[in-house]
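There are two complexes below, and they share chain A, which is joined by chain B in the first and by chain C in the second.
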Partner chain A sequence: MTTLLTVANLTYKRNLKTILEDLNLTLEPNQIVGLLGANGAGKTTLMRLIAGAATSYHGTIRLGDQGTPAERKAIVSFSEQVAGVNDNRRLVNIADFYDHVYPDFDMANFRKLATDLGLGLDQRFNQLSRGNHQKFVVAIALSRHAKLYLLDEPFNGIDSMSRKKIVSSIIEWKPEMATILVSDHHVTDIANILDAVAVVKDHTIVDQKKADEIRENNGQSIEDYYESFYAEGETDND
Partner chain B sequence: MEFDDKIPIYYQIKQYIYQEIIVNHLAPGDKLPAVRQLALTLTVNVNTIQRALSELINEGILESKRGRGNFVTTDVATLTDLKHRVVEEQLALMYDRLADLQIAPEDMVAYLTDYIAKRKEQAQA
Partner chain C sequence: MTSFGRLLVTLWQEKNRTMYQMTGFGLIALVVFTIYGLFNGGSLSIMSHISMVVFMLLTIVLFILLARDQEHVWTSNKYRLIPVSDTKLYLANVLATVLTFVYFYILELVIMVICGISEISSLTNIGNGYWPQLLSGQLLMLAFLLFGWVFISTIHFVIVSVSAFLPAFRQRLIRVVLAIVIFIVVLNIVNWLQKLMSQILSNMFSSSLLGVSASTQLTTALLLGTLYFVISTVVLSALNVYLMKRWVETSTKAA
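Right, the complex of A and B next:
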């Protein structure tokens, strides 16, 4: 199978502090992959780098045959780009803005997604509940026709009904050959929909495996597998 | 549907479809829902559904008709075999558990007969 994303020997430092070190990650097309790791392990930074939102790194990031950050930005849909908007505009106006900025944004799909998620588009962004905030971020991200979607902690701090709706949207709206990388620190939310998982720890990816191989070969649940990397030592995971 | 996260999901979906066929919720010749619809109903990945379905097609339980979807086979022998196979798997589990308890085969029959009688009474009560 052709590779969608190759990250090789990626090192990223900020203010002399190492955020990511010698990180390797490979993603195939048409997958849903869980990026698992404790808070502060570097999941968001990795997504920012893949999306082209951070640029001063060492190593290789290739998406198909697109190598430069600007080229990647055009074909990666990253949820954080939405979350940064902090204003009192109505959701429909923010969506209009993305419709103008991204040629691959599909307004019709966005409206259907919002309806599926039960999001009223007349609401103002800065008055959204946590659950509706996350639904909106996911709806915006999935409304682009991208090759790679990066969803950063979409289930963080939301109720189970919102979580179920977001999970359904991911299943329903993922374009056939696209890949979704979704980060989470509580894997049971999404274990059933993952093709594979990658575990981030100590500034790098310590392992990457197919979900059914973990179950079939190790006889482990995804959660047990993930927690085995954090079993000994520090307790910075929650 | 609740899944056991220690067992491959595609395998559990196969078992679920076997059951739907055996209890005739899916009758011979019935069309299965579209792949993405099944994925949504069961809250699993589309690829997982596809893997389960392609194994069921290889086993002859389902027939894939190009452009029209997947259908339960109408081959009676295949469906009879399926039922025997699934029932036997359950019996094998029970047999092994009882054998671990050093219950002799003839005693197993006696225990099972008594147990069935008891369940019938409970059902009537």
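Right, the complex of A and C next:
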């Protein structure tokens, strides 16, 4: 099978601190992959590097045959693209901005997705609850026709109903052949929808496996598999 | 990929929101102060003076707000994840800032002309020889403002780039100290370049403009000053794009 994303020997340092070191990751098309790791393990940093938001790294990041950050940005939809919006604007106006600057943004899809998630488009961004904020972030990210979606902790701090709605949106709105990399440190939220998992620990990907392989060969649930990496009483590494 | 034109228009429209707010505040201030003046025995002609003062202050405020908006683009995921090269984003952002200011300036002129309609005859009496000086003066002001915005970005980029190599501990304090140090260093470099440039220009000026009228000399001086700021802006912009590509990353703070 062809490879969608290749990350090879990736090392990233900032403020005299190693955040990622000699990290390798490959993703295939048409998958939902869980990027699992404790808080501060480097999940967000890895996504920032793949998306092109962070640039001062060593190693290789390639998406298909797209190597430059600008080329990658054209085919990666990262949930962090909403960071920095004007808090006082209405959701529909914010979506208009993305419709203008991203050639692959589908406004009709966004409206349907927002309706599915129960978002009022006339609401102002700063009036959204935590759950609705996350729903909006996911709606913007999934409204692009990208090859790779990076959803950074979309279930962080939200109630179970919102979680369920977001999970069903991810399944329903994922374009065919696109891959979604979703990071989380509460595996139970997403375990059922994952095709594969990659575990980040000690500044690198310590293991990457297909979900079926874990369940069938290892006889473990995704939760047990993930927790086995932290079984030695380790907590956050920063 | 997003086209340069589409990006420029979108950024321009975003910056125009700030400009419209400022113009709105200006008009409210103009009306309030004019009414106050009329109640204190003044005539409608005071509007032209009030409009001049109000819009002069607004120009300074808008310069600062546009600088703030411009700097926000460099470190915001909302803009930096747009599929364009950093060079295109840089050019579009700076150009959108300039266009917003020019648009504000045109609106400001129209409002000031309307406010000073009774004194419009004095404007028409300006001799033809003064128009080139007026236009050159405006060009110099615009080039100076452009240089100011680019200079602020340089300071910002150098601070971000240098602080990436310093420990995360007490980053805020480190950044304040860095800002002061870098401001002084960059200002000294610019000052040194300015002296060098003005030396070259004054040599050209004195040898080539002997026997030329005073107004032509003034226009030439203004245009050469503009040229100086444009060249400085281009040099700093090259440095800015380099730093942006290599070290200036987006903020990791949530929206």
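Just so it is clear, the second predicted complex is superposed on the first by the 232 of 238 C-alpha atoms of A that agree within 3 Å, B and C clash if a C-alpha of one lies under 4 Å from a C-alpha of the other, contacts with A are read in each partner's own complex, and residues count from 1 in each chain.
Quick note on the criterion: contacts are C-beta pairs under 8 Å (C-beta built on N, C-alpha and C of every residue); 3 or more make two chains touch, one makes a residue touch a chain.
Please read all numbers here as calculations on a predicted model, not as lab measurements.
Set against each other, chain B and chain C differ in how many residues of chain A they touch, and the higher count belongs to C. Residue contacts after overlaying the shared chain place A:V167 against chain B, while chain C stays out of touching range.
Touch criterion met: A:A53 reaches chain C, while chain B stays clear of it.
When the two structures are aligned on the shared chain, A:Q220 is found in touch with chain B, with no touch to chain C. Once chain A of one complex is fitted onto chain A of the other, the partner contacts of A:S228 are absent, as it touches neither chain B nor chain C. Applying the stated contact rule after C-alpha superposition, one finds that A:K73 touches chain C and leaves chain B untouched. By the touch criterion stated above, A:N192 is placed in contact with chain B alone, chain C being left untouched.
Using the contact criterion defined above for the overlaid structures, shared-chain residue A:D212 touches chain B, although it does not reach chain C. By the touch criterion stated above, A:I32 is placed in contact with chain B alone, chain C being left untouched. When the shared chain is aligned, no partner comes close enough to touch A:S129: not chain B, not chain C. Looking at the complex, you find that chain A touches chain C at residues 14-17, 44, 48, 51-56, 68-71, 73-74, 78, 80-85, 87, 97, 100-103, 125, 133, 137. Residues 30-32, 164, 167-168, 171-172, 174, 188, 191-195, 211-212, 215-216, 219-224 of chain A are the ones touching chain B in the complex.
Residues of chain B touching chain A in their complex: 3, 5-10, 36, 39-40, 43-48. In the complex of the two chains, the chain C residues touching chain A come out as 1-2, 6-7, 9-10, 14, 72, 76-86, 163-168, 171, 245-247, 249-255.
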